[in-house]
Amino acid sequence: MAEFLQQLINGISLGSVYALVALGYTMVYGIVRLINFAHGDVYMLGAFAGYFAIRTFKLPFFAALIASMAVCAILGVVMERIAYKPLRNAPRVAALMTAVGLSMFYQNFTIYRIGAQPKAFPKMAQVNWQVMGVTISNSQVLILGTAVALMIILHFVVQHTKMGKAMRAVSLDRDAAMLMGINVDNTISFTFAIGSALAAAGGVLVGQYYGVVQPLMGALPGLKAFVAAVLGGIGIIPGAMIGGLILGVAEAGVSAIGFSTYRDAVAFAILILILIVKPAGILGKNVREKV
Amino acid sequence: GTKPAEPAAPAAGEQPAAEGDIIIGGILPMTGAIATFGQSSKKGVDLLVEQVNAQGGVLGRKVVFVAEDTKSTQADSATAIQKLIQQDKVVAVVGEVASSNSLAAGPIAQDAKVPMVSGSSTNPAVTEVGDYIFRAAFIDPFQGAVMANFASKDLKAVKAAIMTDANSDYSIGLGNVFKEVFTANGGSIVSEVSFVSGDTDFNTILTTVKNAKPDVVFVPSYYDTVGLILNQAKNNVGFPAEVKFLGGDGWDSPALFELAGDAADGHYFSNHYSPDVDSPEVKAFIDAYQAKYNEVPDALAALAYDAANMILKGIEKAGTTEGPALRDAIAAIELNAVTGKIKLNEKRDPVKSAVVIIVEDQKQKYFTTVNP
Amino acid sequence: MLKVNDLNVYYGGIHAIKGISLEVEEGQIVTLIGANGAGKTTILRTISGLNKAKSGTIAFKNTEIQSMAAQNIMAMGISQVPEGRRIFSAMTVLENLQLGAYLRKDKAGIKKDMERVFDKFPRLLERIKQQAGTLSGGEQQMLAMGRALMARPKLLLLDEPSMGLAPLLVQAIFSTIKELNQEGTTILLVEQNAHMALSIAHQAYVLETGRIVLSGDAKELACSPEISEAYLGGSVGH
Amino acid sequence: MPILETKQLIKTFGGLTAVNGFEIYLNKGELIGLIGPNGAGKTTAFNMLTGVYQPTSGEINFLDASIVGQYPYEITQKGIARTFQNIRLFKDLSVIDNVKIAYHQNVSYSVLDSILQTKKYRQEEKKITEKALEFLKIFKLDHKSQEYAKNLPYGEQRRLEIARALATKPKLVLLDEPAAGMNPQETQELLGLIKWIREYFDLTILLIEHDMSLVMNVCERIYVLDYGKIIAHGTPQEIKSNPRVIEAYLGEEVPVC
Amino acid sequence: MDKKRLIVVVGAIALGIILQLLIWNGVLNAYYAQVLTMMSIFIIMATSLNLINGITGQFSLGHAGFAAVGGYFSAIITTRLQLPLPAPILFTVSLLVGGCVAALAGFLIGLPTLRLKGDYLAIATLGFGEIIRVLFLNWKYVGAAAGMWGIPGYTNFLWAYMLAVLTVVYIVHFMNSSHGRACISIREDEIAAETMGINTTKYKVMAFTFGAFFAGVGGAVLGHLIRLLHPATFSMTFSVEILLMVVLGGLGSITGSISAAILLTFVSEALRRFNELRMVIYALMLIGIMLFRPQGLFGRKEFSLDLLTNSKLNFKSSKNRGGEHADS
């Protein structure tokens, strides 16, 4: 029982890492319908920004977190303006391929500049709590808490604020949004700024949680976060959270019962099964197009 | 549109080879999944070439090292070595790092009669490809056995757990040998789990392992992953200090201590050499490396340095760069290398002793030497 | 109120609008009629800033707007019901209406206008929580109109508002347009249903392949034989 | 014997009953109108007849066999073709390819034939191209056969959509607001075209339309749908003067001149 | 076959033979041969993915999985079974087996994914690809994580090239038939296609099956070229790389896929020696091309439409809207 609970906690904390990355993924997707393949790499750059903020500029942890979010928000806006904006009216795959290109660029440029070697990210002071024979650490709580809080805030922003409505309007029909008086460019920039800042927050939190940053650290979580976002229903913010947690718990479960070599296969099999039953993800509505 | 590729311009900073130079090729994963190993390896070879040229080169000729990226893939390894042999007319090749890539490149070197020396490919099959294929590292069965014997004999362990990287044959190979030898010694394997390279969260499998109550945990993987595993084992999962983690040469990097902090203390791994070992080669290498790159070399750098050295010493001994002669010279080589005494057996694998290292105060400390 | 002068618009190499000039007086309904592809939509989109003109000027209340961004033009009091409705399909009816008032800050006024919209289109109130994309064609048209009204525009650009509507609703829409106009909104109306359009408009322009070929008082045009021949399908009526 | 008959068709979307006990019959060769206020459920009814939506309950019999639960392509193969309220051409394909695709179900050569380019393949392809051109000629689109469908003016797109529907060799054609977006002039032309294709192809036609100048002039019978229910049925004269229909749908006429 | 196309095919075959002769007599060295062979393999991979993604409009990211199946099963034939057959026949058999098992995988993967559209399909196929990879990673018979080595090097340029020609001919002929048009109509508008009487399910599965078959053959050729198969070769990166070729060439354009396969292989070779900078430059170049030509090098057109297709399109003033199918 204690082991089961412990594994559940492990799964949830892994899942909240996925969720944290998936939130930004899904938000950008929801607004600009772009699978921003480079999202995982912005997460990596965010982690490095935090690393240098702490190591080189000697900032305290939370200041470093904010600094890294700010840096990545700017990066997100610049990246959108240079690489995605010219492709707004192009076929969607074109932007997708640019995203792949950006992802390669970020990874390899980091390898080129900083080197492929992993760097130790300074950890926060570790506090472990024992609850019912189960160990929970402050980092785990921090990550889960941040993910949940961000999910709630984001969901609220997108669904209930004026900016959120503008974002959704832009996602549905840019011309019509302009006719409402919405500044489409700014709205999209804002979306990328938030999405990238979220990625950075994820990068710094996860970097300190595991104590490591390296140029390829975004690849796997980026992919898993993408899977999580799709699982929950891509574009739907609470879906990213649900998807992330399911994926994390599923992976933990598969490893715990002794099939760790098949972990990823099982995770994907679960994804596919869920999609077959719910083709638009768990929270997605599968509306047949009205003709 | 089937125009053949033009030879690429050399990268900035590299000197083009001139008439009469000895050109050594390198196929290394400079990008892709294991770029970190490729980069260390290249630094090792670059250092050696610089040292050798400073002393007048080999056979009075300047040595030029041209490295080609393999993107950490097999197909690219095959093409890269083909390019080196055909376009650059290299006399020998250093690489690849990973066994699976060396296995893709090996047949091409063999067919072209160009010796290929891998620094770190530890799968026995690599040199079975043919008599032009050599290596500087010891092979997996040896290293796995070293740690299994160490566990049962020195640590008196009876219950072991094994954690392997499912994507790495190196890791799985060592795990298998360890299992075989350890059970033959009368021990039992209480838990076997795996992860994949690139993972960062090991809490789940560590929890599983911990609950199996092993005396030792064998983690034959690379320092980037091992650092995280040790860290999480101690800080998140709360492994008791009596449970010792054991590993192989893959642990050898200063980054391990950076990533694991004090969580690495008290654990053991096998290695080709120890910086503690009072050998002049080791000391000279570490000093030169630190002077050039301002960092402590890892095992990959040392092995690639040795691999390239085997080639250069071979050329010197053969007095020529002709394939067959060079092959014979390398096969007969005896070298006091950084990673130990290299003398090849008939399978072209070095018969080297291994050292067991213990981590103390976030530093490597020589523990014992195990002879083959 | 709106003065378009020598406007030229291109789509790539296609010269869609060829030197058009037109005027809309404050308080009037001006209609723009013409066959498919004549360039009616293009003119409206250029006025609202969705398309950019190659040359020519557009002045709204004596301010030149041809190079302003669409959202700023909206902010000046021009609102458009686009061709094909362009409602936000995945949002609810209510959210669509709220977006219509995006640039407004007066809560009370917004509420009042919302009521006015429901008054004119009770069906929208029935469907207030429905996803707009699943509305029937006519319902969507009502929503598009309602949404534009929520901006309380001074000048309303309507692009074929009667398209796909049931006869009763066509009448309703046209009387709504008339009402709006009487309440003080100036209207530029593009219509295929030239018949109806001319019946409520003050002024009319007839467009043919990017050029204005006829213009004048709407009532007079409606009864002129050339118009009824070419655009009213001869003597049609139910 | 009706060619198509529906019994108590019901379609609900969540809590909304879009079509509620829809019952009609069509005799062979008839040209029937379906009118009704916006949102009455006309398009939804079409969608059920063509298999795009599954009815919540009820029966649809076509040529004496139930077609409920069949896939749209099966229904097309049985002989029901349709056009869409919002034109759904293959926009990025040429005009002629649009028509050729509609021939697909009548193609008898196999994939292997096409890979090996056998005689059978070549003969049939030639036939398809000829037939398609013939069709385009009938619809006065032959001079634009190589144009992208999306580059056609609106009226021609409508015509192409009808041509494409007819190329599937249907027995029954469902037209959803064919005159929408057309000016009166074009509507008049369309009216003639519809009459003509019925004779030429020996078709039964059911059409949805809001343009009374079209409906009242071509239809033999008219069904009026309101809130998912048929509220009236009869000849154009009967419908025009039906007070319920006037109240729910037609309204009073406004004279212009 | 009409005359013009016959000329192209005969010309292509002649080119292959000439190149192979040059390779045999040493004018083109083994490195050039290897690069040309890789180009041919990528042509097989890219055109077959184009059948699924570009022509039928089904966003698939699982091509590496099919290549893995083809590669491994063909290698089982040539290394594990000890069939007493002469090399060329053995290789042919192994290619067919590899292709067919991959086709079976394509068929099975095609089935459940039929319910999925756009990005959901992409992630599901990516998942299938990964599942296949993990299965090989754990399958001891084929070497598991160590990979399968000792595969005979049957592949030479001529084999790869001829198979590429075959693949292209197959796909072009398919495209120009009523069956191909059915696939294209699904890409353009699935609902309209259904109401044209097209069994969309059948054709989507068919596209997956055929695409997978050729991907399988491509994988088999690759395996017998590098003489080693390793699960890591068939990771998602490989699928993405092939997708890049398809998109770069222009979705739906076969000549585009061919050109992009050649171009990217060439560029990747030319940059090899830049080491760490190699992928940085490569990535920048990709972004540049996409920004410069968002619809791909060839859009949806064919390089020489006259020669390769029956229907001549009148491409005036049209904005290419390729890739809309990826909308979910």
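Chains: A, B, C, D and E, in written order; residue numbering restarts at 1 for each.
Following the convention adopted for this analysis, a contact is a pair of C-beta atoms (placed from the backbone, for glycine too) under 8 Å apart; a residue touches a chain by one contact, two chains touch by 3 or more.
All of these numbers come straight from a predicted model, not from anything done at the bench.
The minimal number of chain-to-chain contact steps leading from subunit B to subunit E is 1.
Placing every chain at the mean of its C-alpha atoms, the farthest one from subunit D is found to be B. Distances between chain centres, each the mean of the C-alpha atoms, put B farthest from subunit C.
Centre-to-centre separation between subunit A and subunit B, using Cα means, comes to 35 Å. One finds 73 Å separating the Cα centroids of subunit B and subunit C. Our note on geometry: subunit A versus subunit E, Cα centroid distance of 31 Å, whole angstroms.
Each of the following residues of subunit E touches two or more other chains: 137-138, 191, 276-279, 317, 320-322.
Of all residues in subunit C, those that touch two or more other chains are 134. Residues of subunit B in contact with two or more other chains: 31, 33, 35, 39, 166. Here subunit D touches subunit E in the complex through residues 50-52, 71-73, 76-77, 81-82, 84, 88-94, 96-97, 100-105, 107, 109, 111, 113-117, 121, 124-125, 128, 146-148, 150-151, 164-165, 168, going by the rule given at the top. Every residue of subunit C that touches subunit D in the complex is listed here, in rising order: 35-37, 123, 130, 134-139, 141, 160, 163-172, 192-196, 198-199, 222-223, 228, 230-234, 236-238.
Note for the complex: subunit D touches subunit C at residues 13, 16, 35-40, 43, 85, 153-155, 177, 180-188, 210, 212-213, 216, 240, 248-257. Only residues 1-6, 8-11, 28, 30-33, 35, 39, 42, 66-69, 71-80, 82-83, 85-87, 99-100, 103-104, 107-108, 112, 123, 125, 166-169, 171-173 of subunit B touch subunit E when the two sit together in their complex. In the complex of the two chains, the subunit E residues touching subunit B come out as 15, 19, 28-32, 34-36, 38-39, 137-138, 144-147, 149, 153, 222, 225-228, 230-233, 258-259, 262, 266, 269-279.
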